[in-house]
Amino acid sequence: MIQRFDKLQTALPPPSEPDPAGAAIVQELLGGKFGEMSTFMNYTYQSFNFRSRQKARPFYDLVASIAGEEFGHIELVSTAINTMLTGAADGEAGRAEQLKAVRTSLNPQQFIAGGAGTLVQDSNGKPWNGDYVFSSGDLIEDLTHNFFLETGARNNKLKVYEAVDHPAARALTGYLLVRGGVHQVAYARALERLTGVDLMKRFPSPRIPTDKIPECQPHIEKGLHRTLYRFSPDDYREVTAVFNGPHPETGEDLVVAEEPMPEGAPPFDLPAQEAVFAPGADVEEIAQIAARLRDAAGLPKEPTGVVAQDNGGIIGKVKDAVT
Amino acid sequence: MIQRFDKLQTALPPPSEPDPAGAAIVQELLGGKFGEMSTFMNYTYQSFNFRSRQKARPFYDLVASIAGEEFGHIELVSTAINTMLTGAADGEAGRAEQLKAVRTSLNPQQFIAGGAGTLVQDSNGKPWNGDYVFSSGDLIEDLTHNFFLETGARNNKLKVYEAVDHPAARALTGYLLVRGGVHQVAYARALERLTGVDLMKRFPSPRIPTDKIPECQPHIEKGLHRTLYRFSPDDYREVTAVFNGPHPETGEDLVVAEEPMPEGAPPFDLPAQEAVFAPGADVEEIAQIAARLRDAAGLPKEPTGVVAQDNGGIIGKVKDAVT
Amino acid sequence: MIQRFDKLQTALPPPSEPDPAGAAIVQELLGGKFGEMSTFMNYTYQSFNFRSRQKARPFYDLVASIAGEEFGHIELVSTAINTMLTGAADGEAGRAEQLKAVRTSLNPQQFIAGGAGTLVQDSNGKPWNGDYVFSSGDLIEDLTHNFFLETGARNNKLKVYEAVDHPAARALTGYLLVRGGVHQVAYARALERLTGVDLMKRFPSPRIPTDKIPECQPHIEKGLHRTLYRFSPDDYREVTAVFNGPHPETGEDLVVAEEPMPEGAPPFDLPAQEAVFAPGADVEEIAQIAARLRDAAGLPKEPTGVVAQDNGGIIGKVKDAVT
Amino acid sequence: MIQRFDKLQTALPPPSEPDPAGAAIVQELLGGKFGEMSTFMNYTYQSFNFRSRQKARPFYDLVASIAGEEFGHIELVSTAINTMLTGAADGEAGRAEQLKAVRTSLNPQQFIAGGAGTLVQDSNGKPWNGDYVFSSGDLIEDLTHNFFLETGARNNKLKVYEAVDHPAARALTGYLLVRGGVHQVAYARALERLTGVDLMKRFPSPRIPTDKIPECQPHIEKGLHRTLYRFSPDDYREVTAVFNGPHPETGEDLVVAEEPMPEGAPPFDLPAQEAVFAPGADVEEIAQIAARLRDAAGLPKEPTGVVAQDNGGIIGKVKDAVT
Amino acid sequence: MIQRFDKLQTALPPPSEPDPAGAAIVQELLGGKFGEMSTFMNYTYQSFNFRSRQKARPFYDLVASIAGEEFGHIELVSTAINTMLTGAADGEAGRAEQLKAVRTSLNPQQFIAGGAGTLVQDSNGKPWNGDYVFSSGDLIEDLTHNFFLETGARNNKLKVYEAVDHPAARALTGYLLVRGGVHQVAYARALERLTGVDLMKRFPSPRIPTDKIPECQPHIEKGLHRTLYRFSPDDYREVTAVFNGPHPETGEDLVVAEEPMPEGAPPFDLPAQEAVFAPGADVEEIAQIAARLRDAAGLPKEPTGVVAQDNGGIIGKVKDAVT
Amino acid sequence: MIQRFDKLQTALPPPSEPDPAGAAIVQELLGGKFGEMSTFMNYTYQSFNFRSRQKARPFYDLVASIAGEEFGHIELVSTAINTMLTGAADGEAGRAEQLKAVRTSLNPQQFIAGGAGTLVQDSNGKPWNGDYVFSSGDLIEDLTHNFFLETGARNNKLKVYEAVDHPAARALTGYLLVRGGVHQVAYARALERLTGVDLMKRFPSPRIPTDKIPECQPHIEKGLHRTLYRFSPDDYREVTAVFNGPHPETGEDLVVAEEPMPEGAPPFDLPAQEAVFAPGADVEEIAQIAARLRDAAGLPKEPTGVVAQDNGGIIGKVKDAVT
C-alpha cells in the first residue's frame, strides 16, 4: 500500500514561454524505455515478485524503497511537461484558429488526446509498455538490469538537458540527474555486496561528472547525491545494510536519511487551457459547483490544498503575453 | 510523492496447489485494458495533469486519492498470481525436465521472462501500454471515462471469478469487486454533482448484486463497500464534498474514513522457485550474504520485515506435495 | 456511403457442440494479416484514395465493388466464431465455476473482453492493425498487392479448413474459398489488362483445386466461382470491362451479375450467454424493456427482424446438453 | 451485407493550397482511438456479436444502423485528407527534388507508404488497431462505451477544428460534429431507456454548443442534428422505438428519416500525383488501357461514374500554382 | 558485407517425434527480448553505428565479429524449431482433419502463417521488434548492455533447457549455452579493459556451472567455451587485444581461433509438410521443374548442395509413425 | 553461418552538411515494411525454413544467396544515415544548448536512444517487427511475396530519392535501385520458371526506367543491373539454373558472377559526436586504452582496419563549419 503526499520532490519553476517541441522531447524521460515509468514500474514489480524476501531482506528493502521514490519522478516529469505546455492552448474553446500550436508540435496528441498535458509515451509518440519491465526473479540479474537501466536513464537525461532549454526542463533534469545518480550507486553497491565486483570504478557513467552541471549543484550541496530515502514511515529499514560506504565520486559516506522522504515543494496550480477544455470549456462553471459542494460539506471557502505561490505573477503575465 | 507500507490491503491465502493456467487468466486483472494497471495509471496521470485544481479541489482530491488505493490493487493482483504460480517451478536449477509447467501454461513468459512471477501483460500475453491512459484534461470527460473503466473492470473481475477456482483468485476477486464497486460509485456521484444526471440508477453494473458473491460478503460486513479512504496522511480531505449521500444499492451513507487507509495484512513470504532462479539458483548463498550485511550494519539477526505466519505449514506441505 | 442488409451472404449452420479452441484459430481469418479485415480495409481505402479515377474507372469500379463484398465476409467469419462459442459460456451469471471454458481456450479474451464473441484479433490474439492496409496509390502495385493478399488468404483458409472440424468452420471456409477465388481471379485479370502478363497460369494457387473441397462444391454448382457482384444498386458498372474472359480453371466465362448481390440467408439468433453477461446477466429484463418500447412506438408485438428458423431445435438441445 | 453508393454524405470543397501538416493532424479523426475507424468498427462488431437480438431488437437495430452511417465517415475523413495532400506531390516522377513536402510533413508515410493519401493511422503515425473495438456483449456496457466513445470523438473533432484551417478540414469537422452529435444523443437515449438515467443533462459534452460553430449551422438548418438514418433499404426499422423524444439542446423532436440515407454529393476526382506514382508514373498510359477496355465491353466513351464538377477550375489553378 | 556458408555451427539431430508445444516455447530463444535475433541485431547495428572506430579498433572488432557468429545462432534456433515441427503437418493437402496439431499448439501461426516453420516471434507469439536493439553509440554503455543481454539470454536458455525435452531442443540449448557463455565473458572482459572493474567474479551467471549440463560437455571438451572466432576471413584481428587472459570459471587461457569459424555440420534436409503446402501442395511438381532447369544449366543430376545423411532413416520412420 | 567483410558494397560520400530531417526519412529504407531489414530477414528466414531443399535446390540457392546480399544493404543504409547525422551532435558533452538538432528532427530518438545513429525503425519512428517476415513455406507463394516486396521497395527508394537531397542519400538510393532491380528480376524469373507466367512484362515497376536516374548510371555501366552474386565462397551455385535469360529492360543476358561478391569499398571512419557520447564523452580516453591493449597484444601501432581516406579533409571541414 501507499499513501500520497500532495507535494513534488523538488520545486519546479512556474510556466513561462510555452515550448511544445521541448515538451515532446521531455516525454522520453517519462515514457521512454529508460524513462521514469520504467524505473518506477521495474522496481515496483520486482518488489512484488520478490521471493524468499525474508532471507534477502536488505536487498528487498532497497528495491522496494527506491520504487517509492520513482513515483515522485513520474510526478516531476509530468509537471515539467505540463508547465512547458501551459500557454500553448490558451485560446477560446470552440473557435477556429485557436489551437495552432498543434501544427508545430512533434506530438499532436499532447493536445488532441491530452489537454495540453503529459501522455504515457516517449519522444517518438510511442506508448510505454509493460514489456519494458524486467522482473526475472533472479536477484543478481534484476540488480544488473537496474544498474544498466539507471545508466541508460542518466544518458537520456544528459541529452535532454543538452537539447531543451526551457527552465522547467533544466530544473527537472538537474534534479533527476542527482537522484538517478544515487540509485545508480545503490544498485552498483548491492551488486558489489552480492558478487564482490568493484563497480564503483564505473562512475560517473556516462563519463560526465554530475557536479559539472550547474543545475545539479544546489542539490549536491544539500547532500542529495549521497542520501537514500526509505519513502516509508517505518518499513525498509534494512537498506542501511546495503547502502553504505564511500560515494564513488566524492568519497563521502553514503547515508540513509532518518526522515522517510525529502521535504518537497508544492506544485504550481497550472492554469486552465480552455482551447483544449482543460479542465473544461468553461472553468468557472466547475468552480461554482465545487464551491457549493465544499460549502455543503462544511469545508472552508478557500481550498484546503496547498499550491505554490506565484508571487511575481509570472503565470498571469504569460497568459497576457500569449493572448 | 508517496510512502509505501509493506502490507497488502487484505489478506490472501498462502500458496496451495499451483495453477499456471489460472494465473495466466488473472493477468487480465493486472495488465488488461480494464486491469488494475489501467485504473492506477489513469487516475495517477489525471491527477498529475489536473489544471486549475484549486477551483475544482474536491474533484482533484477524489481522483488523486483513488489513485493511491489502486497501487494497492496492482500489489494484490501480483501477489495472487505469484501465489498461484508457487510450486510450479520448484525443481532443481539447471536440470532437464524440471520445468514442465511451462508447456501447459497459457503464458510461457511467466516462467521464462519472469521467475514464476507476474508480468505486466494481459491474459493474452499482450503488454499493458500507456495508451490505455485516458487523460483528456476535461474533467467531465475524464470522470465519464473513469466510470466506464470501473464498469469494465467489474465486468472482467466477475468473469475471472467465475472462471478461476484457485483460492487466491477467489479471495482476490472477492475483495476487488467490493473496492472497485466503491470507485464506480465515487465516479458516478462525481458526475452527478457536475451534471445533475442520476447515475445511481446504473447500479449494479453489470447487473449482478455484489452481495450475491460469497467472497464479497466479509468485506461488505465491514462496510468496505461504502467507505472511501484518502490514502494520504493529511491531503485530499475535500473528497468528503463529493463522496457522500446514500449508497445506490444499500441506501446506507457513503463515508470517508478518518484513517488514511485500511489496516491491511502482511503478505506471505513466497518460497524460492529454484528452477527459475528466483531469487537465485542457490537461495542459501544469498541468505548468508544478507545475514553478514545485516550483522555488519548492526541490525538484529531476524529480519525486521513482517510477513504472514503460515501456522498450518501449508507452504511447506505444498512444497512436499509437488516434489 | 453504404446501406446494410440484415442478412448473411450464405447460410451457416446453427450452434452445435461449442469449440473454443477452434474459434480461436478461426480468428486468423478475421483479424490475421491475410484475414477478411485486411481484404475489406485494403480495398476500401484503395477506393477512397484512388486518384484520377475517371481515367481509370473500370479499375476503380473493380476495387470499390470487391470492397463491398468483403464487408459480408467479416460478417460471416464473426458469425461462425460466435456460433462456435455458443454454449461455452452458458452458466449462471456471478457464480463461481461457471466459466471454465476460458481455461482451455487459446484466447481467453474471447470470453473476458468479449461476450463469447469475436475479437478483432488473429489466432495468436494479436489485434489487426491499420498498417496491414497497403494503399500506395500506384494502381499496378496496389493490384499486385491484392493478388498476393488473396493468395495468402486462400492459403490460410485452406489450412483452417484442414485444422478445424466444427460445422460452422467448414461451412465458412467452403464458402470463402469460392468467393476469395473469384477475387483472386479478378485482380489477376486486372493486372493482365494493365501489363499483358498472363497470370491465369497461376491458378489454382496454392495448387489445390477448389472443387476438390466438398464444402465448396454446392457454391461452384451455383456458379459462384465465376460471378462477380457489384454490391451496389447502380454504381460500379464498369467492372465488366475488366472482369471477363475465361475462368482459369474451368474455362467458363466470367460474369458480372445483374443483381447487385447474392440473395443471402438470415442469421440464427444466437442465444444469450449469461455467464458472460451477453446481452446481460438477465436477458428477460432487457426483453421486457424492448417490448414496452416497441409497443409505445406502435411496432408489432413480434420483432420485425428476420432470423433463421432453427426448426429442429438444435440451439435448444445444445443448451440442454451443456447445462 | 452492404451495398455501396459512390457518393459522399456531404459535399467537400475541391483541393486548394496543399497542407501536409494539417493532413497529418486530421489522421486522428480517422485512425485515432476516437476516430471514425473506431466508431465504424465498434458498432459493426457489436452488431455482429449481438446475442438474443430478437428480444432486444430496437437496440440491435440502433447499433447496426449507426454502424452503416460510420462507413460514410471514414470515407469523408479520407477524402478530406486526400484533398489536403493534393498538390504536394505533383512533381515529375523519378526526378530528384520533386517531393520535398515529405520533409516538412509530420507523417512522411503519407507520401512514402501512401500516394499522397490517407493511412489507417492516427496523428502520431500509430496504426489503428483492433483492440480499440469494445464489444463485451453486455448491452448496457456496450452502450455506455459508445456514449463515451462519441463524447471523446466530439472532443477530438472540436480540437481539430480549432487547429486546422484548411477548407476541407473545416467542412469535414463541421459536418462530423453535427452527425456525431446525433449518435451521442442516440446512445444516451438508449441508455435512458434501459436504465432510467437522465443522460440528456449531459449535453453538450464537451460543453460547447454545436450551433456556435459556423460550419455546423447549414447542417443544423437542414435538421441533420436531430435526424437518424437507417442506412438500410428495409431493415432496422425498430430504431424508432429508441430514437425519439426531445433533442437535449433544442427540444425539437428526434426523428428517424423515411429515406434510408441522406442524398449526399459526388466527390471530386482528385488529380494524379505523379511524384508518388498515383495512380501511376504515367497516368495517360492507364487512361488509354481503360479506354480500350471500356470500348471492348461496349461501355460509353465517357466514364459512367459521377464526380463533382469543378466549374471554377480550382483544381487546375492549384496545379498551376504549385508547379 | 557477408558471405554465407550452407552449414550449421553444430550438428542437430534429425526429426523425431514432433513437439509443437515445445517448438512454440523455443521461439523465445529466437524472437524473445533475449533471443538470438536480439544478440544478432544488437551487435550488428552497434558495429554499423560505431563512431571513431579506428581509435577504438579492438572493441569495434570484438562487437563486429561476435555479430558474425550470431547469424549462425538464429540459423540454429530456426533449424531446431523446424525439426521439432516436422511430422506435425504431414497430412494430405486440402483435406479436412489433416492439420489437427494446430489445435494443441501454443502458437497456431507456426502452421497458419508458417509452413510448420519458425516465426520471428517469442514464446507468447509476439513479434521481435527493432526497439530491442540498444545502440547508444556510447561504447561503455553498449558493452554494459551486451553483458546484461548475454546474461539474460543465458537465463532463458537454461529455462528452455529445463522445460523442453525434445532432442533438438536439448542439443540446441547445450550448444548455445557454451557459445553464449563465451560472449558473456568477452563483453565482461572488454568492460574490465575499459573501466578496471573485475567482472570475472560475476561468473557463472545465473549461478549454474555450464559443465553441470550434460549436453554442454562435448562442446567444452573441444574448448568451445574459451574460443572466440572472428567470423571473417581477414578482418577483426584486433579482438586478440581484448579477448585474452584466464577464463573466469576454468582458469584456462581465452583464445582467438586462427580459423575464421568452426567447421560446422550440414543440416538435414527437412521433409515436405504437404498439409501446410511446404514447399508446395505437390512437391514432385517442383522437383521436376528444378530437375529440368538444372539440366538446362548444365548442372549435375544430383543437387550440389550438401545435407546431412540420415543413415538410420529416422526421418522416414517418423513419417511412417505419424501417418 | 556467415563471414563478414569490413567493407561496404559501394562507396558512399563522406559527411558533409548534416541533415537530421533527411536521415529520419531514410529510416524508411532501413526499418520500413519495405525496407532492407524486411528484404534481409524475409529471405534469410525463407532459406532457414525451406523444406525439401534438395528437390528444389536452384530456388533454395536463389533465396539464400540474395539474403546474403541484403546484409550489405542494411549496412549501406545505416552508413548513409550515420553520415547524414554526422555534425549534428558535435557539441561539448554535458553542456546545455549543445544538442539543438533534436528539436528539429522528425525522430528525436536518433539522438536520444542512438548516438546520432541509425535506429531499427521506419520514417514514422515505428520499430521494424518480425511479422514483416513472410515465410509460408509455399515456394510459389514466398516468391510471389518477394516479387511484391521488391516492387514496394523500389517504389519507396524512388520516393526517398525524390525527397532527400543529401549526397549520401542520393548515392545510396542510386545504388540500391540498381541492386533491388536485380532481385526484382530474379524473383520474377523464378516465378516464370515455376508457373510459366511471363512476368518480364512487368518491368520497370514502378514504371520509371532505372537508367533515367543519374545516380544509377555508373552502376549500370558496370553491369550491376544484370549481375547476381552468390555471396558465398562455394555454395549456392545452382542459382545459375534460375537466373538466366535476357534482362527485361535491356535484353542483355543475366549473369551470375564468378566472384562471390562485388569488390566493395571501405567506409569512412565517422567522427565522434561527443554531445551524444559516441563513442564516449571523451574519445581520447578510449583511444589511449585501445592503444595500450593493442600494444600489449603485439599489434602494430596503427589500427589494422581499413577505412576510406578523406583526402580532401571534408570531415574535418564539416567539423569546423558546424562548430
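Think of it as A, B, C, D, E and F in the order they're written, each chain with its own count starting at 1.
Keep this in mind: a residue touches a chain if its C-beta (ideal position, glycine included) is under 8 Å from a C-beta of that chain, and two chains touch if they have at least 3 such contacts.
Computed from a predicted structure; not experimentally measured.
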Same-interface partner of E-F, chosen from the options C-D, A-D or B-D, over half of the pairs matching: C-D
Chain E against chain A, contact positions shared by both copies (same if over half, else different): same
Chain whose mean Cα position lies farthest from chain C: A
Chain whose average C-alpha position is farthest from chain B's own: F
Chain C and chain E: spacing of chain centres that average the CA atoms, whole Å: 40
Whole-Å separation of chain centres (CA-atom averages), chain A against chain B: 23
Multi-chain contact residues (two or more partners), chain F: 33, 106, 113, 121, 125-126, 131, 134, 136, 138, 140-141, 155, 206-207, 276-277, 280-281
Chain pairs that touch, as defined at the top of this document: A-B, A-D, A-E, A-F, B-C, B-D, B-E, C-D, C-E, C-F, D-F, E-F
Touching residues (chain side chain E, partner chain F) in the complex: 1-9, 31, 37, 41, 44-45, 48-61, 64-65, 67-68, 71-72, 74-75, 78-79, 82, 113-121, 127-131, 133-141, 193-194, 231-238, 240-242, 244, 260-262, 264, 269-273, 276-281, 283-284, 286-287, 289-290, 293-294, 296-297, 299, 303-305, 307
Interface residues, chain A side, partner chain F - complex: 21-22, 24-25, 28, 32-33, 106, 122-126, 155-156, 158-165, 170, 206-209, 212-213
Chain B partner contacts - residues on chain D that touch it in the complex: 33, 126, 131, 134, 136, 138, 140-141, 144-145, 147-148, 151-152, 155, 195-199, 201-202, 205-207
List of chain A residues in touch with chain D within their complex: 91, 93-100, 102-103, 106-109, 111-113, 121, 125-126, 275-277, 280-282, 285
